[in-house]
Structure formats: C-alpha cells, structure tokens
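Heads up, the next two complexes both have chain A, just with different partners, chain B and then chain C.
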Partner chain A sequence: MGSAFSSGSGSPDAVVLELRGITKVFPGVRANDHVDLLVRRGEVHCLLGENGAGKSTLMNVLAGIYMPDEGSIRIDGREVSISCPRDAIDLGVGMVHQHSSLIPDFTVLENLMLGRGEGWRLSTGRAQDGLKRLTTTLGVAVDPGAETGQLSLGQQQQVEIIKALWQGSRILILDEPTSMLTPKGIEDLERVLRQLKQQGLAVIFITHKLREAFAIGDRVSVLRQGRLQGTIDRETMKAASATEMQRLVVELMFPGEAETLAHVAELSDLSELGGGGRAATAGEPLLELHEVVVAGQRGEIGIVEAISLTIHAGEVLGVAGVDGNGQRPLAEAIVGQRPLAGGDVRLAGTSLRRLGIGARQRRGLRYVTDDRLGEGIVGSMSVALNLVSKRIGTAPFWVHGRTRPEVIAAHAEELVREYSVATPSIHTPAGSLSGGNIQKVIVARELSLDPKVVVFNKPTYGLDVKTTAAVRARIRGLVDGGAAGALLISTDLEELLALSDRVAVLSRGRLMGIVRNGPGAEQEIGALMIGGEHGE
Partner chain B sequence: MVNEASRGSAPVVGSSIPSAGRHWGRTFWQRAAPVVYGLIAGGVLLLVMGKNPIAFYWTTLESGLLTWSGLMQTIIRLAPLLLMSAGFIVAFQAGLWNIGGDGQFLLAAAVVAGLGAPALGVMPFWLVLPLLCVVGFLVGGAWTVVPSLMKAYYGMNEIITTLMMAFIGINLANILIKGPFLSHVTLVPQTDVIPWVYLLPFIPGTHIHVGIVIALVALVLVHFMQTRTSYGLRLRILGASPRAALHAGISVKRDIVTAFALSGGLIGLAAAVEVLGVWGYVRADWNPAFGMTLFAIVFLAGLDVLVVIPFVFFFAVIQIGGHEAARQAGLPNDFLLLLIGLILFFMVLTEWARTRGWLARLRGRHAGSMAAAAEEAAGDG
Partner chain C sequence: MDSIFTADFFAAVLSGAILAGMPLLLAALGETISEQAGLLDIGLEGTMLLGAYAGFVVTNWTGSYWVGFLAAIAAGIAVSLLMVVFCVRMGRDQIVVGIAILLSMEGLTSLLHAAQFGQSYPRLDAVPAVPIPGLSEIPVVGPSLFTQPLIVYIGVALVFVVAGLLSRTNLGLDIRAAGRTPVALDNAGVDVMKIRTVAALCTGALAGLGGGYLAIVTAGIFVPFMTGGLGFIAIVIAMLGRGRPVWVLIGSLLFGVALSVATALQLAGINVPTDVVQMLPFVTVIVALALFARQSYLPAALAQPFVRGRR
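Entry: the complex of A and B
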C-alpha cells in the first residue's frame, strides 16, 4: 500500500488542489455552478452550505464519481482528468462518503483489502500490518476481524476513514463524517485530523455543525445553490470570535436571514428552544414498554434487555447513549420491525404484540428511521410516492385500490413546500436528492397525517442548521399540543437536552436510568453513560 | 445486470405516478439497438457459413410478417408468448424470480387438454372454454404456491424452488398425459383431442383465434394494475427494496404469495390459450420451452408490459418466419436460437455501455444514472 501519507511537494501551504469553474448539471438542477476552490497542504478546509447546496456533488466530481460538465481540476499544479474512482485513488484523493460504502458482510480487513494495490493474491498478513500502522497513527482501536455491519455507525465511520487513508490519500474528503458520532467520537476525530494535518494531508471536511467547522477548520468555504458563496481565510477565522464567525457564515449560507436565524444556530443557547426542564405535566401514558427484550438478527441475546419506559402524551422522552447500544433494535421492536423476545409494548392501552407494522402505523405509531437509504426511501421512486409509501391503499390517496395521482401529487406539493425540500419536482426519484433533503422527505412523511407517537432515530442527522431548527420546533410542536408523544433517540446530547422532558440513558442494551431534564441533567446523563460503560 | 436493466428505466417509471410510457419512443429505440447489432452479427455468421444473409432475413420477414398466412401464424403465436411475458413481468417487477414458467405452462396445458374432451360431455360447450381458461390460470397459479410460501415464510431462495417445481411439473404433466388423461384413440401418447369446432373461435374474417385478444386485454389489465393501483405500487416497492417494503408496513408475505400466484396464473392462462386455440390436445413430451427466451426478452423490454409487445412480436416473427428461412437455407432450427442468443448478448453489452462504460461518460450519463453512482461508490446518491 506504499506510504499512507506520502507528502506532496513544495512548501507547507502549497496549493495541493485547485478546482476551477466546476459545473455539474443534473436534470432540473445546477448542482455546481462554476465553483472555484483552493485547498492547501496541511489544512482542513471546511465546506459548508445548506442541504442541496452541492457539497457532495462537488466532492463526488473530485472523487471521480461524476464527470463535471465544465471546469478543470489541478492537483499539485498539474491539470488532471478524473473520470472514475480509480483515477481519483491513483491521484491520492480518498473520500469518506455521506452514506456508508462498506460492505456489511465483509470484515474490516476484507473491506480494506478491496482497496487498491493488493494485487492478485491477497495477503492477509501484509494487510494486517498495514492496518496496525494506520490505527496506531490515528490512535483508534479497530478489530480487523469484525464484520463491518456489526460495528456501530461511529466505528464504521472510523473504518471508512482508515479505508480512505489506506488507499494512500493526500487529499482526504470527509462528507459529514460526524453526523453519527457522539461528542466523544467527534473529539477523537478532531484529534485524528490534527494528526493528519501534521503529516501534510489536505482535508476537505463537510459538516452542518458550525461549531465543529470553527474548531477543526483552518478555512471555511460556503456553497449556496451550487455557487461558491465565499471563503473565509485563516486570518479572519483566527481573529473573529465564535459569535462573529457564526454571523459571517450564516450570512453566507442564508443571505439576509442571519438576523432571524441568530437564535437557532447552534452556538446560541439551545435550551431556549424547548425542553429544558419544563414542568412535569405529563398527560396520559401513550406508549408503554414493559420489560422489553429484543434478540439480535442472528439470535444474539442481550441486544435489548428488559427495558421498561412510559411515554406520556405531551412528552418527548429522549434516549441517550453511544450509537450501537441497542437504540435501533429498541426502535424496531416498538414499531414492529423486529419481534419482541419478551415483554410487551402498549399503545394507548392496547398491546401491540400481535399487530404488524402496518397495523401499528394505522394506530398512529410512526418511525423516523436512521437508515434513510436502506429502508427509509425507495430511491428509484418519485418523491411524491415516497411521501405516501406508508399509506398505500388508504384514502384519500387510493380509492378502492385505485391510485389517485392528483391527490398524491397535491399532498406531495404541500409537504415539499412546507418542509422546503429542494427537489426539481415531486416526480424526481427520491434517491437523487441530497442527503439532507432525503431526510426531510422522511421526516415530512412521518409527521404528516396525525401521528400519535413518533419514534425518532436521529431525526436531524444531515440537516442544515436552519432545517434542524425547524424540525426540532416541529417535534416540540407535535407534543406540545398534548395529544402526541415522542421517543427521541439521538447521539447528540445537545439535541436531547433541547427537546426532551426526560432522558433515558441506554448502554449495552440496558436502561441505566432516566433523568428529568433541567439544570444539572447533562452531568447526570454523563454519569449514567460512564457508569454504563464501566459496568459489568 | 438484470437489476440494472430495470433500474435503468427508473427515471421513466419513477417520474410518473400513472403514465409509464412518456418517453416511449426513446426507450424503445434504446432497447431496440441490440436487436439490430444482433442481426448484423448473425448476418456475418451466415456469410461465413456460405449463406446469403439478405435472403435469409428476407425469407424470415416474408414468411413471418409479409404474407397474410405468415402474419396470422405470428399473431397466433403471439398470444401465449405475451401472456407468459406478462406472467414473468408481474413476478420480476416484484423482485420474485419465477424461473419455473415452463413447468407451470406444461402442467396447466396438460390439465386443460386432459379435462377438455370429458368436460364437453357433461356441460354446454359455451361454458367449457371459459372454464378451461380459469382452470389453466388456477393450475399455473397453484404451481407457485409451494415456492412462494417457502419464500415468504422461510426466506428460501425461489430460484431454486421454482426450478425444482418446474422439473416436477414437467414430469407430472407427462405422467398425467400418459396416465389418467391418456387417449385410447391415438397411437402416440397424448390426451383426447378437443374437436376443433369447440376450440377458441376465430376473430371474424381471419384464422386467428381470440387468444390474442385475451392476451392483449390481460396485458392492459396488468399494466393498469402496475401503474394505477395500490397493489401495483406495493409490488414495485417490494421489487425495488424489500427492506423498504417491510419498513413501510407492507404485508410482504401476502404480497409475495399473491404476486407469485398471479404470475403463475398468467402463465397457466398462456398454456390454456395455446391448447384451446391451436392444438386441442397435448402430446407427451411436448415442451415448447418459451420460458427461457422470454426471460431475456422481458428484461430487454425493461419489464414493461406494453414495451414488451413489439419485442415479443419480433421474436414471434423470428420463430415463425425463421423456421421457414432456416428450412430454405438448409440450416438447422438451432440457428434461430443462435440468433436470439446474439441479440441477447448485445443487449447485455449495450446496457453495460449505457450505465458504466465509455458511452455513459461520453454522454455524461454516468452521472445522471444514479443507480450506477450509488453502486459504484455508495456515494451521496
């Protein structure tokens, strides 16, 4: 695999990468419109922009997945043509995609060996050495023999980064690498990036979390509607205070809206938004979990162990914990996608044990999944159909089994407007939307048409600051009516504190405790999480 | 690759709630190109063998299409082929690999032929034909129940189970013909013959039986089902992503079983139409083996029941006209299969070029085709 960090030529801040006038047009959208971008050696260059701004497209052009319609790419001052992923890898461009590209049934090592340079005969020994070298450099621990599908999403993202470096990257692209990570995981990643910078790598870092961008980034570029809106250089970033930076960036991302958005962007105090120690006026119990036990897909026990919880009307119950501690199995068991190995789930007093997924949905139980491409949408189908895919056969969209396209279209138009989904039309295949806009489609579908209890699994992951605020306000608005309740699973502690009335802490499939949100809740939750990790 | 073909048409299917045929012309020519290449390659082969390709193709065209009797033959052949294609498309669109079409076809044919003559003895003849069509449908459908239940409840691979059931079905058909349905009038083992006056009536003014009408009506109904009903959408989701189907709360098990049954039913109806329209009886060891070639053809047509019509028509012309052409040129009938094989080969090739290769890059479609992108790098799709 050669040297993983072969340094580029020239001085420390030599320009490694130069994009000039990159234009990429998709049917109905100008995803990139004459974008220029300079990236230097040893810098972390943050790329910001609202959902659908064209960030991933630009990076996919660089990684050889899309051919640009116009524009040129220079690497180390030499004009290059990148017409397939192989070209990009050969030029030292490694990319961690927004959505996982690992093969779940393969082990970590096998996934890495799919990379380049292994030749015809695969040598496990050589690969293992290489992996060890990388993990020590990065200071992470990865089990080479673990199937990647069994790893938590945070670990998967680490493997993706290793995979990108494995291929000998000099330019590393990270497309929203932190969306699934806990604060601790993000800190680890920051440390790793600092390491890489030292080694002379250039990193392009896409995120929606402004604070992260300011902490990790040396420079920040903002895209908007496919165009480069501006770049904030190192000096300005050093000089400006966090609040000034935020204003600057928000002004670039959402021109003219900085004023109205000032209170929502993350740097301000989130607890104003909702939650934050509201009075304990819990209504009727809506969703009750009694000693719920869930077995793994392969029959492993202890995925979820005897969890009892109650969600009341008018309440958001948060679930905190490192990803991969039983959150998804718990959510799936509640909505019926996984059988209960024991215990019971009741919705408004009725046991759900014998009800299928569809029957539970009809009773008002909704699920915002965190696996948006795997199950959340059907990528080849239109946005309009995806918005009704959980109501197939029901009025008013179907009458006696007959589709009513006009009603479906009207419904879609309304939701697309309401959630400002950036899509050329409601007939566009949902899979071609940007990651954040796919998420908007999913949230819109689950929150429309009278939900009673909604299970949210990372509802704002991949959403830009503005949309995140809007979705959070909706979640709060949903329950504040007093008729509905929500279970909010998130790895983002701030989100939990901003929205929840109570926060349950999950660790290794066990309920460590439930904390009422309010002053000091953060410390209590932290203590429970640590207690969980050190338990056993 | 096979999936690729169906997903290649995603923008067309996906972009429309009701109308699948918006870009008809373009889709058709895109899909017809490999046919042309295949014919050219076949022509080269004929030249090498010392035959005159122009004469060969001309005879094919003439005796399959341009003479009245040839055209009638072609249309008659079209009926079972179209019904069978519809059967395959229903299953394939739902992501169900019904590979056992020939077994469903033969078993239904044997039962229909076997019951035909006795039925005429006990009930009015106008009732017999519709009833036998229903019987064909039911037998074909019933022959999918074991594989579909195994698939729905135990996740067993339907490719294997339908193939096994086809094997059993083909032999069971023979046992029926040589056993309970054996005619005592003829020397060759076969069923009793339904007198031709009681077979499917002709379309007035022709010698084409009404099977083609049944087939076209069935196709339109299937098209309607696929594009305008909730059931059709459920099957499409099931075919596109079983996990998304489960997540959406679709009763996956029920839909697997019904889609399979409908698929087998249409194939059984194809058999009934062929027996009641053309033969009036079934001989032991008869097996036209339409299934295997039709697989490829339905994919060539992008699993669209309307687009498939011209393709199956073309195939029928080659079958009917080519038979005569091969005879005149002194070639074995196998040459027709070779020709079809060449066409299929080019189909694979052009499909590849369209989604992956230089052709795609040239047109920048590489990017537009989200399927390719998603597969190649699981990018931000």
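Entry: the complex of A and C
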C-alpha cells in the first residue's frame, strides 16, 4: 500500500482512479447518471455542482457507503469492488464526509483511534505521538483530550481532516471541508494539500466556493442533475483568467444562466449587493441586548461575557469572529435555547427573559442554526412537516388540536417552489435531501410567517453560488422593508461586508467593538479581531 | 430495639446481599455491554430464566455445578442469538423482540420443567464456599463476606474485566462507538453489526450465567418464573451505572441488601408481613430512580437499528 509514496509507480500523472458509468438511483431521484471521472496521481481534482447535483452520492459510492446500481471503479488500472467502508480504506480511499461523523462525547484522540487499532489494547501513547506529528505538519493546535462535541465546528472539521490523513489514504476525498473554516484555516489546508500532492496523493475536493476551487484545484469537474457536465483540464485552467474560469464553470453548472448570474457570483464585487456605505438611517431599536452573560456548559469555550448590542429595524448587524468565540451561545441565549446567566434581552421593548422558545418564535424571533442535522431538522420527518416544525399545534396548520394536512402541504409546496428546494416531493424525509437542500429548508422555515428579528448563524454554508446569492438577497430583502432586523453571525468576512450595516467583532465571548460598514471597514474589523486575540 | 442489630443480623444481611446480588450483578454487567453497543436487551429476564433452567438441569444430571454454569452460559448465548438475528441483522424493533424473548422463555422453561419434573422440585447440593485466607478471619464480616463459592470471586473479577474491556481495548472503543454514533464507526471501516453481535453474545453469556447462579447457588432448585423481575432490576442497574461496571457492582449490592433484609429480619425474630418484605426491592428501584435517574445516561443510538447509507 506504500506505493503512493514511492516514485516508482508510473508517471507522475498516472491515472489512479477511474470511475466508469456510475449510476445510483434513490426513490424518485437519479442521483448519479452514468458518471465518468478520471483522477490522476498528485492532483487536486475539484468537484463542483449545484446543491443536489450528486457530488456527495458519487463520493459515497467510492467510499463504500452506497453500492452503485451500474458502473465500475478502477484503482491503479485494476477493477475493484468497494462494498463497504473497510474495502475503501484498504484500497487507500479516505473521506471527510459532508456532515460530521465524529462521536461528540469521545475525546479527539478516541475519535482518531476508531477503527485504527491493532490487537487488543488501545495504544493511546502511539496515537498521541501520531497526532502530534500530524498537527505539526498541518500547523494546527488540537487538544487530544478535549471532548469533540465541545469543540467549535471549525475545529471539528480540522479533526476530521486529520482523521482522514491518519488512515494513510492515497485518494483523499474532502466533501466541503472548508465550509466551517476561517480564511486562515483554509490557507493552512491549501498548504497541506500542496504537500500531499507532492507526495503523490490524489485529492478530490468538493466545494461551493469557486475562488477556492481555482486556487487549489488542478482540474475541475462539474456535475449537474447527476450527470457529468464536463471537466476543465489543467492547461485550460493555467491559461484562463479568473473571470474566464468563472464564466466557464458557471456555464457548466447553470447552463444558459451565466449572464444572469455574472453579477452575483462571488468573484464579482459583492459590495453592490450589501449595505456597504449605506446611510446611517436605522429605524427604531428592535432587539436589545443588555449586558448579556451566558454561562458555558461543562468545559465549553466561548462563553459570553456582558454583551450589549442593539439591532434596529431595517438593519443587518453582522457578528465577526473566529468560530467558537461565543457566537453559538450568544445566538442560543437570544432565541431561548439556553438560559441567560445575567442581563436581559428585549424584543420591541418587552423583556424576553421569561419567555420560552415557542413564545419567542411566535413573536417573530427566528433562528437559523448552524447545526443542520442536529437541531435544524428531524431527518425522518417529511420536508412538509419540517417546514412547520416550529409551529406544531398552532393555527393555521393545527386547528383545535387537529392537523390540517392540506394547509401544511400548500405551505410546503409554496416554500419548496420559492426556494427551489430539490426534493422528489414534499413528503420525502428531509434527511434524505442533499446538504444544501436541507439548509434551504431551514432558511425557508425561519423566513416564512412574519419574521421580525432573525438570528442567522452561517446562513449560506453549503449552499451553491446561485442559492447563496438568493439567500443573501432575501436577508437584505427582509430588512430593507424597514420592519425587520437581522443578526448575521458568520466566519466569512466577505459575506458580512456584503450584507451588514454594522459589524460587531466577538472574541473570547467579549465584544471588541462595532464597526460601521463602508470603506475601510475590513481593516478596522481585522484590527479588532487581532486585538482580541492578543489582548489579555 | 437495639437487640435486632446484632452481629448475626449484619452477617446475615451481608451474605444474603451477595447471594441475591450476584445474579443481578452478572445480568447487569451483560446489559451494560449491550447498552454501550446500542442494544437495549429488554428480554434479559428471559435469558436469565433459560440460563437458570439449563444450569439447574445440567447440574442435576451431571452432579457438577461447573458443568451447570457452562450450560447456563451456553443457554444465555443461545437466547441472545435471537437478538442478533432479529435486531442486529434484520433491524427489528428491540423492545418488541425483547418482550417476545421474555414471554417465550417464560413459557418454554415452565413447559420443560413441567414435562420433566411434574410437580416435584428436586434440590441441588449446596455449592461449597471457599474462604479467602486471612480476610475470612476478620470478625463479623469476615466469615460472611469472604467465605463464598468460587463463582462469586469470579463474578467480582468480571466487573474489572468488563471495565477494562470497555475502557482499555479496541473492542471496547468500538462497542462504545456503536452505541453512540454507529455511522462514525462504520465510516472508520468497522462492521457495526459485528460489534453489536459480539456485544449481544456477551450479554447472553453473562445473563445466562446470572440465571444459572440464581438456580444453582442462590436457590438450589428451579421454579418456573423464579427470576421474578430480577432481569428488569438489572436493566435499571445498568442504566444507573452509566456504562461503568464499578457502579453496577455497587448498585447490585444495594439491591442485594434490599432483597436479603427480609430474610435477615425474620432471622432476627421480627415478623414483617411478607407482602411488605417482597415489595422492598421494587421500592428500592423507585427510590433509586427518583434519586439518581437524572444522572442516568443512555448512549445516543440506543435501540436504534443501523443501516448504512440511510439518512
């Protein structure tokens, strides 16, 4: 199995992996339709495509999660059969799945050791050494004894990447590994991928961020509705400018729409969309936080300390900061999922201290969580029910304790159309949708039925370019009416600058300052973030 | 009043607690392994019953209680194969299968017993006790605590074996992963079904042995339905133990005391109505649940079948 690291095995760009005619059908969807894909040694092959295009499915076939209905897989020119994850691992295929597959109440080390042990005894010592070596190469700091569930999502993503590398993979699949990483984390990952390439690994990299694909990728393949739309080869990628590349890819992803999408794709100037430099005419205060203190759960980082903020009608207040600096506790305390240890939250003048989650919901306070599968949806319930799951028992969906399926269905049909959720039907279990489409369901639910203040936690993570633009436009559209406000938590500075009127910087649970969006805001925010890290 | 609490009384409670607590301990240890792997074995009581029956019959035939214990283990494993086939392999509802196992084992053992012995209840010879040199000479507690049949020492040793298995071995890590996030275990290339099968078989062996102990050591006879709720108490002990065998040991001894106090009270010459006495263990369950249930911890994927790729 060591052949990946020896230079003897064929020319540097020998084909390591060859997928031929892979077809996978789920009830009501052809997730992969005769897909062919070639991956070479020492390349980063980017796989792009809209939400629900079939990227994760194709990779899961390769990782032994799904058996394909048709097609063949060749590794190093030899036809192989991958019928379970063990087969894939033995063939040198390692995968970081789109949704976390870490065990939250295991330590980092225990998660890494899973499936890697030899013999009877757990060899903690050896694992610890290995982890130290890997973290040094990766340039990240991970506490091996930390309970994984207490880490921020960004840190969890790093642990997953370490875990895949740990398996000694020669073909490394990364399914949206950067959606939770900070720009710095992404840079580190890019550096690591370059190292791995040099060692002869083949990397398949799924992302929705085009810029990232162009920066890291040697070749790009695009899937659309289960079919391979095309592959852009190395020469073209080298020759084309960023804008040309973008046009090429967008044309493959959304044929015929390149014109209309040109202005939204992320490489263009985003500030046109956002509130950048808007006049300081905010409406009256909608949501006020007074000295809010949130106590952490056992061993948790990023506890909130005495934060005071005001969100006005017609305003998006951004919250910048590295993931895990108190963003989630803050959001949960506002919407009532976590008790306040001190201070007060007021919505349109009334204190929310004594109100539960449901009461806050009905008053128009909404929360788009970043824990998509954990608390965002109930996977086994239909899309339709998930769209009203925060309204159970209330009119018009329930009347006198009786469910009104026709009303729920009509509501669902409308939202599915409005947000173009790719689902076989509104009765499909929400858990079987693609990651991005689950995110659409969550956003649709929270933005429907008269929202007043919406707390967004990474609202566009995992969404394709087109949907990201649509959701961003909706967030702006929500507040621009002047009646509603939004708190936008994001680790993506571009998104914050594109949408916010003001940006608050959070570091270690403290408010470092608030910057009005406009020229020079980016530098000011950066300075506050650095100040927060070096302070104390 | 103070005359009740004599040395005799304590000695009787202690030795009774061990006699009554061992079957609980063995079964609850078994249940702990299953629960950690994500299997809720409601049929534990049925497994114990068949173990008790097999242990009794084989000891009766062969005259060797060691062979009897082995038969009890084999019977337990046989019952747990039902869990393996229906729940682990076919993904059927664990509660339903568990109840079916319980009911069918109750029926089966009663039927076999009636066919074989009719209305007679043959007795087994008492299992000889082995004093631990030194410790057994401690006044009052010595003779009762440290003079036990060998199988008791084995049972206590098993507590540490299971504790070590769960926390110090690769298999233990896999078992705990199977009960928490089976998809993570599967992605890591470990066969979730295999791990859960191993766990179910361990549970069968331990619960069978617990039943065997009940018939061979505690009672010395087999009576249909003789487990009388012990299997369910063992499930409660396992849940309160939160996957830590030492707590399972403590819990079992506590319930053992509750079960044996009655006998001891009678020995001390106090007459309590038998109904009240028989309620004691169940009252203990309720009190224990009221006090500690908040801290009971169940693995996240308990009682959930695992199917790869299903979302």
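Please note the rule applied: the second predicted complex is superposed on the first by the 523 of 536 C-alpha atoms of A that agree within 3 Å, B and C clash if a C-alpha of one lies under 4 Å from a C-alpha of the other, contacts with A are read in each partner's own complex, and residues count from 1 in each chain.
Throughout what follows, a residue touches a chain if its C-beta (ideal position, glycine included) is under 8 Å from a C-beta of that chain, and two chains touch if they have at least 3 such contacts.
None of these values were measured; they are calculated from a predicted model.
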Chain A as common anchor, with chain B and chain C clashing or fitting: clash
Partner chain in contact with A:G431 - chain B first, chain C second, else both or neither: both
Touched partner set for A:P104, first chain B, second chain C, both or neither: second
Partner chain(s) touched by A:I530 [first = chain B, second = chain C, both, neither]: neither
Touching partner for A:P27 - first (chain B), second (chain C), both, neither: first
Chain B versus chain C, judged by how many residues of chain A each one touches: B
First, second, both or neither for A:T403, with chain B first and chain C second: first
Touched partner set for A:A242, first chain B, second chain C, both or neither: neither
A:G379 touches, of chain B and chain C: first, second, both or neither? both
Which superposed partner A:A395 touches (first chain B, second chain C, both, neither): neither
Touched partner set for A:S56, first chain B, second chain C, both or neither: first
Chain B clash site on chain C (candidates 98-106, 134-142, 206-214 or 224-232): 98-106
Doubly contacted chain A residues - partners chain C and chain B: 60, 63, 65-66, 85, 95, 97, 101, 379, 429, 431-432
Complex interface listing, chain C residues touching chain A: 168-174, 176-177, 180-181, 183-191, 300, 308-309, 311
Chain A to chain B touching residues, read off their complex: 24, 26-27, 56-57, 60, 63, 65-67, 69, 83, 85, 95, 97-101, 175, 336-337, 356-361, 367, 369, 373-382, 384-385, 389-390, 392-393, 398, 401-403, 405, 408-409, 427-429, 431-432, 434-435
Touch list for chain A against partner chain C, complex: 60, 63, 65-66, 84-86, 88-90, 95, 97, 101-106, 110-111, 113-122, 379, 429, 431-432
Touching residues on chain B, where the partner in the complex is chain A: 7, 10-11, 13-18, 227-234, 236-237, 240-241, 243-244, 246-251, 361, 364, 366-368, 370-371, 373-374, 376-381
